[in-house]
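A, B, C, D and E label the chains in the order they appear, each numbered from 1.
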Amino acid sequence: MFPNNPLLEPFLIIIAKVILIPVIVLNLIPLLIWMERKVSAYIQDRRGPNRANILGVRLAGMILNFADVVKLLTKEEFFPTGANRFYFVLAPGLVFFIYVITTAIIPFADVLKIGEFTMSFQVADLNVGVLYLFSMASLAVYGVMLAGWSSNNKYSLLGGLRASSQMISYEITMGLSIVTLFMMSGSVSLNDIIHYQSENPLYWNMIQQPLAFILFLIATFAETNRNPFDLPEGESELVAGYHVEYSSMKFALFFMGEYAAIIVASSVLAALFLGGWQVPFLSTQALIDNAVFFLNVIGKVFGVVSILLGLVLMVQFRPGRYKDARDFEVLILGIPALAVGIFASYFFFTQGIYDMPDWAPPVFAASVQFVTFITKVILFCFFFIWVRWTLPRFRYDQLMSFGWKGMIPASLVNLFLVSARMMF
Amino acid sequence: MILLSHYIVVSAILFSIGVIGVLCRRNALVIFMSVEIMLNAANLAFIAFAREHGGMEGQTIAFFVMALAAAEVAVGLGIIMAVFKKQGTIDLAKINFLKG
Amino acid sequence: MIETHLLTLLIFSPLLALLPLILFPSSQERTMKGAVLALSLIPLGLGVTLFVRYYGTGGFEFQEIIPWFQGYQIYYRLGVDGFSMPLMVLTSLLVPLVILSSWTSVHQQLRGYLALFIFLEVGMMGVFASLDLFLFYVFWEAQLIPMYFLIGKWGGERRIYASIKFVLYTMVGSLLMLAAIMYLYYAGGKSLSFEDLLSLNLPLNTQYVLFSAFALAFAIKVPLFPFHTWLPDAHVEAPTGGSVILAGILLKMGTYGLVRFAFTLFPRAAVDFIPLLQILAVIGIVYGSLVAMVQPDIKKLVAYTSVAHLGFVVLGFCSLTHQGVAGANLQSLNHGISTGALFFLVGMIYERRHTRLISEYGGLASVMPLFAVLFLIVTFSSIALPTTNGFVGEFLILLGSYKSQPLFTAIAASGVILGAVAMLWMVKRVFFGAVTSEKNKALLDLNPREITVMVPLIILIFVIGLAPGLILKKTELTVTKFVQRFQALENQ
Amino acid sequence: MQNLLLGIPISTVVFLIPLLPFLGACFNGLVALMCRSGKAPVPKPLVTLVAVMMPVLAFALTVWLFFFAKDPATGFTTPPLWNWIAVDDFIAGISFKIDRLSLVMGLIITGVGSLIHIYSTGYMSHDAGYARYFTFLNLFLFAMLILVFAGNLPLMFVGWEGVGMCSYFLIGFWFEDPQKASAGKKAFIVNRVGDFGFLLAMFLIYKTLSQKGLTPGLGFLSFDTLERFRGDLFLVATPICLLLFVGAMGKSAQIPLYVWLPDAMAGPTPVSALIHAATMVTAGVYMIARLHFLYTLSPVAMEFVATIGVSTALFAALIAVVQSDIKKVLAYSTVSQLGFMFYAVGVGSFSAGIFHLMTHAFFKACLFLGSGSVIHGLHGEQNVWKMGGLKSKMPITAWTFGLSVLAIAGMFPFAGFFSKDAILFHGYVLGPRVLWVMGFLTAGLTAFYMTRVFALTFLGQPRDHHLHDHAHESPFSMTFALIVLAILAVVGGWVGVPESLHGNDLFFRWFAPLFPYQEFYEKIEHAGRGTELTLSFVTLLWAFHCALLAFVLYSQKLNIAKNLALKCPRVHQLLENKFYVDEIYQTLIVNPLGWVSDKVLWKFTDQKVIDSLFVEGTAQTMSLAGRTLSLLQSGAVQMYAILFAIGGLLLIAYFVL
Amino acid sequence: MQLAFFYFFSGLSILSALFVIFFRNTLSAAIALVVTLFGVACLFGLLEAHFLAAMQVLVYAGAVMVLFLFVIMLMNLGREELLKIKLAFLGIIGVITGVCLAILLVTRFMGLSAPLLSLDLGVEYGTVKSVGKLLFGEYLIPFELTSILLLVAIIGAITLARKPQS
């Protein structure tokens, strides 16, 4: 809980991380919701959110999230009869809270070292590492169960039971499948595992241990109650499962909890199997050493891309298309882009940055890694959404037997194979 | 300054609470939970002592205790379920088929 | 290999016979039985090797010492001398015969039956070969288990009662013995090895207590009067093979233990307790014969005569004279052969008629002449007719015992008469007279398999009866050593 | 022993004598088993050949040995074939003692034995157990030869028990009849009682000699060693001799162990002739003669032997007077004659005892065989009251029987006269007068009852015409033996014609070196020939009168005999029922023993006291305790928990405070 | 700081433990127990036993207590069942016993004054690696036995739970 960390950081930085990192994750939630809507629309070849706007700005439907928030906040608080109010309220909060604190151990970038000053990009680099993740994930069951039970509704009770047994079942596979990673890297700390994977994508665990990856991925789906394992909330059987009686903000918490779970899961997947914050082919040291070069290249590319983006946007200006504020959206977005682009191009092409203070290269490297990591996370999030809208649902007994008779043996086999590989 | 006695006292209190639970409650499940509290109290003491000695043995034993508790719960709950199915109650005062 | 590990091989080679039990399916029962029988001949071969290679130096031969519980100085220590060697050879002989005899008589769960006998053999061999009290105790208790199941599962109507009685009786004694063993362990410099304990000089009072504990355990096993009541029940209820082994080997473990441990380890106490043992033995002889006389059940009758016979053995050991001890040692073997043979024969007739009541029979000699002849030979061996083995043993026992205790011997010798009365009366009622029962008229005489079972025993009866020197020579020095130990004690 | 037979040392050849019948027994035994229960026909000629040839060969060998090895007079002991039992200083080897005594016995046994074998081939020819019969008969010869040739007591005991066993089988030969089987069992068990004494005697001898620390040589129980160390046995001679005599009582049917012999008549008659008249029953006499050096150490024992002997003689003779079963009469007669023999050895006249043993073997065998012939001819009838007038039907039998009766009655000059005369004379000289008087009375009674049997059987009128009509003379195989034995009964005594009758007393002289008791001979010399002659004459006269009386009573005046029986019914009944001895034994020993064993020992002590009270009592106590304590087990788990917790609390308090 | 955490978490544990035994509602008791366990896990953390802390949450809170909840939900005890807490005679004795025990132990342990954090524990202390080394080294056999125990427990639980085959 309280790391015996040699890099003891100033209290303020800790506080800052504690606040900031959840915020980052929380901020990814709307993005994810948006992605879900968009991707489902693309996959099913239908229109996504394209109406809601603020002063004409729609941000490709992103603004709809605000509308959602307003809706959920203003809905009626509803308690079913016979419900245990305390648990009824506690449950969604618990779900959400647990997923959020799970983010504490996710490293977003390599440890930042500026002279004597060091800072890790995770709230707590616990030496129990991934185990923390598991313990927290296992706590998430309570929320679901309590929700199911306290609703005093048969459907929700069944949903709750289903969710919890499913989560417990697949947790085993999950743990067993990544034991191999611990064995390979000799550590349970996420950061160490990422270090072990190195910047070469060939050494990422996804390539190195495909079976473990697949098993973990599947288990993750089950853990997050996502399709094809969304039996607890399968509307065809249980209406909406454990949250059938929930409304307004309590429902929102479940909703957000689910996405938070996806983000956490994706982060963990990215960290464990996709090299985490490792930039392909570029180690932290390489980034720091060549910071100037990369910065300039990025600046130049950014400038050109911004200009092009601005131009493309502005060219699309068709007055009278919607006959309201939305007509000017492209201009509102395009002009600043063009302006920023021109400025950046000018700066980097003419002058560039060749003289940096000492702190700048590490910070640059960290930033690049941060971006890489987020990219990978989003990639996985996309995968989650993709699967949801592609695959049908399991039957419950199939799910259980698949978990116990398929996954666990498979993960044991994997464990055996990896051990054998390490031995010989 | 935290002393060893702090932890041990907490452990003792938890243990006593567990004892009281076992002795007073008639609900088999709650009794079971009280047993778990007692086990935890013992674990706490183990780990506190391990911390004092700087060795890992106490933790190892605590680990075994946990494994044991897991096994115990699996079987114990199974038994309670079986009894419940048979008797329709988990009130210990009403369960006395082992009366000699 | 064979020389150095003969005893270990002898103890554990019976386990080989478990293989066919595991490998063959139930449909191939005959093959399985054949294989078990064939494999059970391996211990017999080893037993014969033991007999041939045994020099008779008086000390322990074929010793093996392997550390077992290293921190506690407990060893896997084996060795044989003249007291144990004949019994081990007898064990190796009786088990194949028992297997052969159960060819058709056991119908249910033959596999388990045979397996139990194999385990029993291991236990018995171990008891005789152990030279570490701990090891001894392990084997001592281990052989109890198969016997318990043999009686309890394949026995007669009151088998449960009999088996529980058997086990509880024995346990009472052996637990006392265990306590004594533990005491010895701490008293004797934390070692239970026989040789170490020999050099132990315990105070007399301690010896009394320890001797009593040991002697009680063995007296129950023997069984001496008044601890004998388990024997008739166990014998009557046990299946044929069980009775044979029970009479042939298990009872000998009592006398063997008495002489090997109780007497040898606590000589001074032994000397003081011997009159008591003698009295009990003499009572057993007379009492056993008298009670045998009035038994309506053949097996029970034989069981009570066993009590008497074992009384002789104890009497012989108690005499502490050369002849007495040598005779008792020989008689242990003899009793195994002749009473074993008797039980085999009773089993054969039981298999045909399913009754053991004497009154159900009569006139069998005209229906089954060969059976009658064999039965009579064995009977004569049992009542100690000269030229049979029984005579040599009882003669030597009485001779030796007379040297130390004329009065008891005289009374005991009257047991010879009573034993003959009991046996011959039974023979008369079973074999002679007209065939009264219709069921007896169609009885078949012995078949070749049954004859095969009996032949080795009959041969042994006469060989030992005519040339007991074969065995007496091998055991002579052991006996001398044993007797001298006590003589030295008297001279002190 | 330089002398060889066919290249084999003589000391080895000796062993052939018993071995031959043993081989015969083995062969016949195998045949009997193979042809069991008439499933295959018994090859009778083969069986007969082997069965008869073996004793005859043995006889031939013995004769050869007799002439070869009669010197030196004291004989020799063969080196043991192997040491049978040898533990520490106890040694018993398979070795034979060959001297004049054993050779004479050997001759009697093989000779009479051979004759009886021949006789049996006729007598048993129709029996289903033909081969079995000869198995046991051969085996008996083997055992008996071992008995007499044995060089030490344990080996003698082998023969001793061996003949007992054969007797058991032969008495119970027709085992389908339970009474016959019982008779065999009775014989064996009564013998066992005697053997008990024999065993104890051996133990006592061994103990005494062993404790003196002497060197055993061939073994303390070997006759040679015994004789050498007889001085060391002086103190215990009386108990030893008495104990040995207990053995002899059993084997030779003396009071009080005679009861088995009359019952033993259940066996086939040749068996009675061989075993229960000629050989086995005389083993006791032989044994005492063999151990004369011990007996002479103990006057008390000697006197006891003589007393028992003569009492038995009188007692049995009295019973014999009224018996109606021909074989029973002969049986009691045997008992009585054996008593005579013991009387002889008891007073120290060992050679007289052996002499009577020999003559008795001849005439009693002849008598038994004759009675067998009668029974055979009458198809199994044994009651003399149903016979009568058989002389015409069975002349040979009648003549041989008659001659033997004269012999046993002690008529001059038949065999019995000389031997009985010698006994009575020696008894008169060496022993107390009372015993002589009893012996004298017995001699008369013997003449009386034997004549009675003869008269009832062969003389007078046939009383059962049906039986009489079907009676027939026996085949040659049987009459041959009868004739030979009758001749022997006539002439057998002539080897011992006393000097008083101007004989040369061959028999006694021949045995003199074996029984070197000068004082006996001096006493006899001292008594003088006149006394001897007078005694002989008186006895002869007395016997003759008795015989005459019986002849008259039972061949002509049967009514008087019957009236006599009716006049004094008590006496008659007492005698007829053999003094109720069997009944007394039954009530005093057998029944109480059975009752005690059954009711007191088994059903009470074993089942009630030990099993119910102690064993099951313990179990009951335990289960009672269990049931009591199980009340504590209320089933309320929390009760337990609380008790447990309080206990734990106290424990902790103890450690903490 | 440490002290504050200690007081907070120990208070939390004790309070929730009291709730466990005093809540009438079995489910509430179970939830309170989860809190207790969580609190104890935090105390473990304070004692530098991170691995065990994680295990405590993972095994106890994550698995064991879920099973409890399962059972509670499956039984779905009726109201009257929930409301029954009668402090019978035995109960009173139980309470007295427990309190005595507490007093006894607490008074005894108050005296222990060994300071805790002064020890230099090294980086490895309480990590998976150090526990693992012990488990797979010195305590290998107990560890394997534990696995057998668990297997037996699994089989036992299955046997108990499944419907009798007819």
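Note that in this section a residue touches a chain if its C-beta (ideal position, glycine included) is under 8 Å from a C-beta of that chain, and two chains touch if they have at least 3 such contacts.
Computed from a predicted model, the values in this text were never measured in an experiment.
Annotation of chain B and chain D: jointly contacted by E, touch as defined at the top. Note on connectivity: the fewest chain-to-chain touch steps from chain A to chain C number 3. With centres computed as the average of Cα coordinates, no chain lies farther from chain B than D.
Chain C has its Cα centroid nearest to the centroid of all protein Cα atoms in the structure.
Relative to the C-alpha centre of chain E, the farthest chain centre belongs to D. Should one ask which of B-E and C-D has more C-beta pairs in contact, the pair is B-E. Chain A and chain D have centres, each the mean of its CA atoms, that are 117 Å apart. Chain D has its Cα centroid 37 Å from the Cα centroid of chain C. Measuring from the averaged C-alpha position of chain D to that of chain E gives a distance of 95 Å. One finds 59 Å separating the Cα centroids of chain C and chain E. With touch defined as above, residues shared between interfaces to two or more other chains in chain D number as follows: 638, 641-642, 645.
Annotation for chain A: no residues touch two or more other chains.
Within chain E, the positions touching two or more other chains are listed as 46, 48, 51, 55-56, 63, 74, 90, 93-94, 97-98, 101, 105, 108, 121, 125-126.
Contacting chain pairs in the structure are A-E, B-D, B-E, C-D, D-E. Looking at the complex, you find that chain E touches chain B at residues 2-3, 6, 10, 13-14, 17-18, 20-21, 26, 29-30, 33, 36-37, 40, 43-44, 46-49, 51-52, 55-56, 59-60, 63-64, 67-68, 71-72, 74-75, 77, 81, 84-88, 90-91, 93-95, 97-99, 101-102, 105-106, 108-117, 119, 121, 125-126, 130-131, 133-135, 139, 142-143, 146, 149-150, 152-154, 156-157, 159-161.
Against chain E, in their complex, chain A makes its touches with residues 1-2, 4, 6, 84, 87, 126-128, 131-132, 134-139, 141-142, 145-146, 148-149, 157, 160-161, 164-165, 168, 171, 182, 188.
Taken in their complex, chain E has these residues touching chain A: 5, 27, 31, 34, 42, 45-46, 48, 50-51, 53-58, 61-63, 66, 69-70, 73-74, 121, 123, 125-128.
Residues of chain D that touch chain B in their complex: 630-638, 641-642, 645. For chain B in complex with chain E, the touching residues are 1-10, 12-27, 29-30, 32-34, 36-37, 40, 43-44, 47-48, 50-52, 54, 56-57, 59-60, 62-64, 66-75, 77-82, 84, 89-91, 93.
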